[in-house]
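Take a look at the structures below.
Both complexes shown next keep chain A, but they swap its partner, so chain B is in the first and chain C is in the second.
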Partner chain A sequence: MISRTEARVLWFCATVALFYLLFPVVVVMTVSFSSSKFLDFPPPGYSLQWYRALLDEGWLSSYWITFQVGTLTALFSTLVGVPAAFALARYDFPFRRSFEALLLAAIIVPPIIKAISLYLFFAPIGLANTVLGLVLGHTVTGVPYVVINLLATLKGYDRDLERAAQAHGATPLQAIRTVTLPVLAPSVLVGAVFAFLQSAQELLVALFLLGTVEKPLAVRMWEGVRISLSPTIAAASGTLVVLALAALAVVALALRSRRRAPA
Partner chain B sequence: MHDGRRKQDATGVRIDGVSKAFGSRAVLRDCSLDIEAGTFVTLLGASGSGKTTLLRIIAGFLSADRGDILFDGRSMRGVPTHRRRLGMMFQSYALFPHMSVFDNVAYALRMRGDTDRLAARVGEALELVRLEGYAQQRPDRLSGGQRQRVAMARAVVANPPLLLLDEPLSALDKELREQLQVEIKTIHRSAGTTFINVTHDQGEALGMSDSVVVMGNGVIQQAASPQELWNRPVSAFVARFLGGSNLLRAERRGAEARLADGTVMKVHGPAPDGPVELAVRPELVTIGEGADDGANAVPATVRETIFLGEAIKIVADVAGHTLEARVPVARAEAARPGARLVLRWRPEDTLALPAEAGGKDGAA
Partner chain C sequence: MTGRREERWIVFALLLPALVLYGACFIWPTGVLLSRSVTEAGELSLVNYRELLETPLYLGVIWTTLRISVVTTVVCLVIGYPVAMLMERAGPRARILLLLAVTVPYWLDYIVRTYSWMVLLGRYGFVNQVLMWLGLVDVPYSHLSSELAVLVGTIQVMLPLMILALFAAMTRIDRTLMDAAAAHGASAWRAFRTVYLPLSMPGVIAGALLTFVNTVGFYITPALLGGPRQTMISQSIETLAAKLFDWPMAATVSVVLLVISLAILVVFNRFFGLERLAGGDR
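Let's turn to the complex of A and B:
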């Protein structure tokens, strides 16, 4: 039990933290509905003009590229990450722990280093300036998200579920298809959503690997900010916030169904 | 006990010299056992004694390092689990969390492509475990006892000739456990198939089984009927594990054994001459001088008395050992803490058993 004073202090701290985290988002969202031509805050009035501008100024192609790259990244990350997580959770092999550490490293390596080294690696083999090249680049960071999410669940996963399936007539493959995968699907989905989101918001690798030919959303926004600080950027940010909220909802739903699985 | 018609769809299991080690740790050493078709056999042993490992080898989840498993005389080497015609219950129940109760039970039929009258048979299985109204529930909505029953229904719905039960009751509270023991026994009787159960609970093993297999230190210590095991344990290990017996260290010479303080008593039992442990059941000990009927009689000092309802438990010091007696209340008037009296028991109730290395005195 916590005392009433402690509860108040906790409530206060949580509110401050939440405000600190959400304030910039609220500002951007507000400005995106501004009727002004500039980034005034608070806006003098409200309109949808900047969202209309997104359509007029050819941003749609950027959304399309980002969607393509993000979806393929999520797909590739899942295809590589799921078997990798199974291997890490279920088999002991030399350097297993090093592999786990290496996966974390793939997340925390400074993006600029990743961008330059991927460019140097991809340019000679013709992957620079291609959508596939950027997808592969983002998959490097996407795989660890999938693996780490699934690994946590796999470590607590009751192997007796698979044994029960086999004892009652399922082949090993049927057991995985009818029991293991459906039970783990929420965790895989969460990992894939993270992989998509990190791809959608990533700038540096996108700039190096695709930015000179096509403009994914992040690159387009970056260039927009450099040239003119128009509220169109705020509107684009607004759509990204909505995307993140949608992803959050998916994750929350997935986690809820995962919690239903008995430990 | 089982009629002939049923017997033909029960699996007879032979465990033939099975050994299994994990790394350098030998978990099973040369275990052999014959399980007659249609019997209820319980593997009884402390946690870590290899019961689950043996059950997994029977199920085909693990392969033995040496030895073989035979079903009805046929080697199971190379036969995968899903072709062994099993039902199985797990300690954690292992219900599929993403499926309804109905689908959990139906799973055992669908995976075998045995879908004739599927709904009716699932319904019958749920009726058997008294869960008729729960078909559409998710397992996470059920209580522990209900989950256990769903697991039971899934295990028996396809009428498997062999059912494996790995501590299916250990997660339940005492009352529910005793109730489900009866239900499982009833299901076994009506199915007439072979049940191999695993538990660390002596009471459950003795109460439910046709035959109990005591496991310890990686070997089968004794396999016998509950009565035989209770009355004639073959070693101090078994007597100690079953619990309740007094165990006194002694040195045997022929029909006599000498305790450390020089007391001599007449003994029976399988142990050869040399160091032994004498097992004496508390309920076979009486108080009083009595006639010279050839009983073992030793002077004792009462340390404590404990009222048990129908009897009184007397804890006494005897020849440097602690001894327990269980005496009807009417016969225990003389027993007061500090009282000196004579405790007697018959030579044929004094079992000389091979001593267990590092064994201790006193009631187990």
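Let's turn to the complex of A and C:
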């Protein structure tokens, strides 16, 4: 049991920590609805002028690029990550630990190193300043998310379901497609959402691989923040808060359906 | 049942897309970068490394980076531990609320979180208003471009990662052990110190390694909240590559960063392996 004093100390510490964590987010959201021309907090009144400014200043093209890159990254990461997760969950093979370490490295190696090494490699072969180049760069980081999220589910999955399907005349591939994949779909979706989210928020690879010709959202925000602290950035931030909440909702729903699935 | 040979082909086919992607877009480019650091005019040479060691600027940047990373890790641990502990010990409803409060900022763009600190810490920002109202400051001045600003922003960005790593390990602790300690007459503090804290060590180590490695390579927040004296390794690589076009030195400083990151990776992989990242680190 948790004692009263213990509970009080913990709640006090947690309240301070959560205030520190959440207050800045609340500030950005509030400022984005400000009627002032400046970054007053608390704002003197409320309006949607900064969201309108997003439309007027042509931010939509940035959202579109980020959506394209993020969606393709999620797709590529899934196509590469799902088979890799199957290999890790179901087979024993030499270099297995090395392969896991490679996936770990893909997440841990700092973005600046990925950015300049990919730039050096892509520039001579014409992949720098292309959407495809950036998608490949973001897929490197996206794949581990797909693998990690799928691996836990795959290991807990009862293979007898698949064997039962085969006993009833399904080919191995048919069994995987009609029985296993639907059970795994929520976990794959969660991995894909992570892959999309990391792509949408990644700055340095985007800056080096596409930043000079197109402005993905992160690049556009970065340049905006460096030049002025205009509240338009707050409005763009507001849309990203919504994106994070939406991703969280998708993941929560997927996890709920995963718990209900016969695993 | 499938034969050994056939199985090997299946594994190969399953891993092929990943191997092609990582070979072409991760290992090879990193190799190209490494090669740029050890060549000078097409010949093998360590001249770049000598320049690195002989330039106080680079050594200063490395020192700043390590210092900020250590402080960030320690403070995140101290602030995050009680939050994670409360999360683990709270009832299901409170736990979901706390998880939500940690996960939402965790998934929010770094630039957004840093931007809000720029708004708060600026000369006419909220922090100064409060300080002036309290009478602690007479003339408003900007708190930006300082090491304190970098730390305040970076710790806030890294805190959710630490909390989630701690929480993941704490959920594995058998709750009855604390009750057993209490039943045998241990005070709450003693039970915590002798039972709970040692059992939560895997989370402490995992959280510390992840926080440290993320901070060492961090770019966005230090670049926005710090001044020239808070330049960290990632910033200095970016400047060398994008502004000075000094690719050999950019590559050489990158190798330093890569070695630090991979050293931590090796330790993490030994202790925990890939699956401990579940829930996602970015």
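Quick notes
The rule is short, and it goes like this: the second predicted complex is superposed on the first by the 243 of 263 C-alpha atoms of A that agree within 3 Å, B and C clash if a C-alpha of one lies under 4 Å from a C-alpha of the other, contacts with A are read in each partner's own complex, and residues count from 1 in each chain.
Here, a residue touches a chain if its C-beta (ideal position, glycine included) is under 8 Å from a C-beta of that chain, and two chains touch if they have at least 3 such contacts.
Fair warning: this is a prediction, and the values are worked out from it, not measured in the lab.
Of the two partners chain B and chain C, more residues of chain A are touched by C. After overlaying the two complexes on the shared chain, residue contacts for A:D160 are found with chain B alone; chain C is out of touch.
Contacts of A:P182 after superposition on the shared chain: chain B is touched, whereas chain C is not. Looking at the shared chain after the overlay, A:V131 reaches neither chain B nor chain C. When both complexes are overlaid on chain A, the residue A:Q174 reaches chain B alone and has no touch with chain C. By the touch criterion defined above, A:V225 reaches chain C but does not reach chain B.
Note: no residue of chain A belongs to the chain B contact set and to the chain C contact set alike, using the contact criterion stated above. Looking at the complex, you find that chain B touches chain A at residues 56, 59, 61, 80-82, 86-88, 90-98, 107-108, 111-112, 138-140, 154-155, 158, 164.
Taken together, the chain A residues at the contact with chain B in this complex read 158, 160-161, 163-172, 174, 178-179, 182-183, 260-262. Across the complex, chain A meets chain C through its residues 1-3, 5-7, 9-11, 13-14, 16-18, 20-22, 24-25, 27-28, 31, 38-39, 41, 76, 79-81, 83-84, 86-87, 91, 93, 97, 99-114, 116-122, 136-137, 139-141, 143-145, 147-149, 151-152, 194, 197-198, 200-201, 203-204, 207-208, 218, 221-222, 225-226, 229, 233-234, 237, 240-241, 244-245, 247-248. Residues 7-8, 10-11, 13-18, 21-22, 24-30, 32-33, 36, 79-80, 82-83, 85-87, 89, 98, 100-105, 107-120, 122, 124-126, 156, 159-160, 179, 182, 188, 213, 216-220, 224, 234, 237-238, 241-242, 247, 250-251, 254, 257-258, 261-262, 264-266, 268-269, 273-275, 277-278, 280-282 of chain C are the ones that touch chain A when the two sit in their complex.
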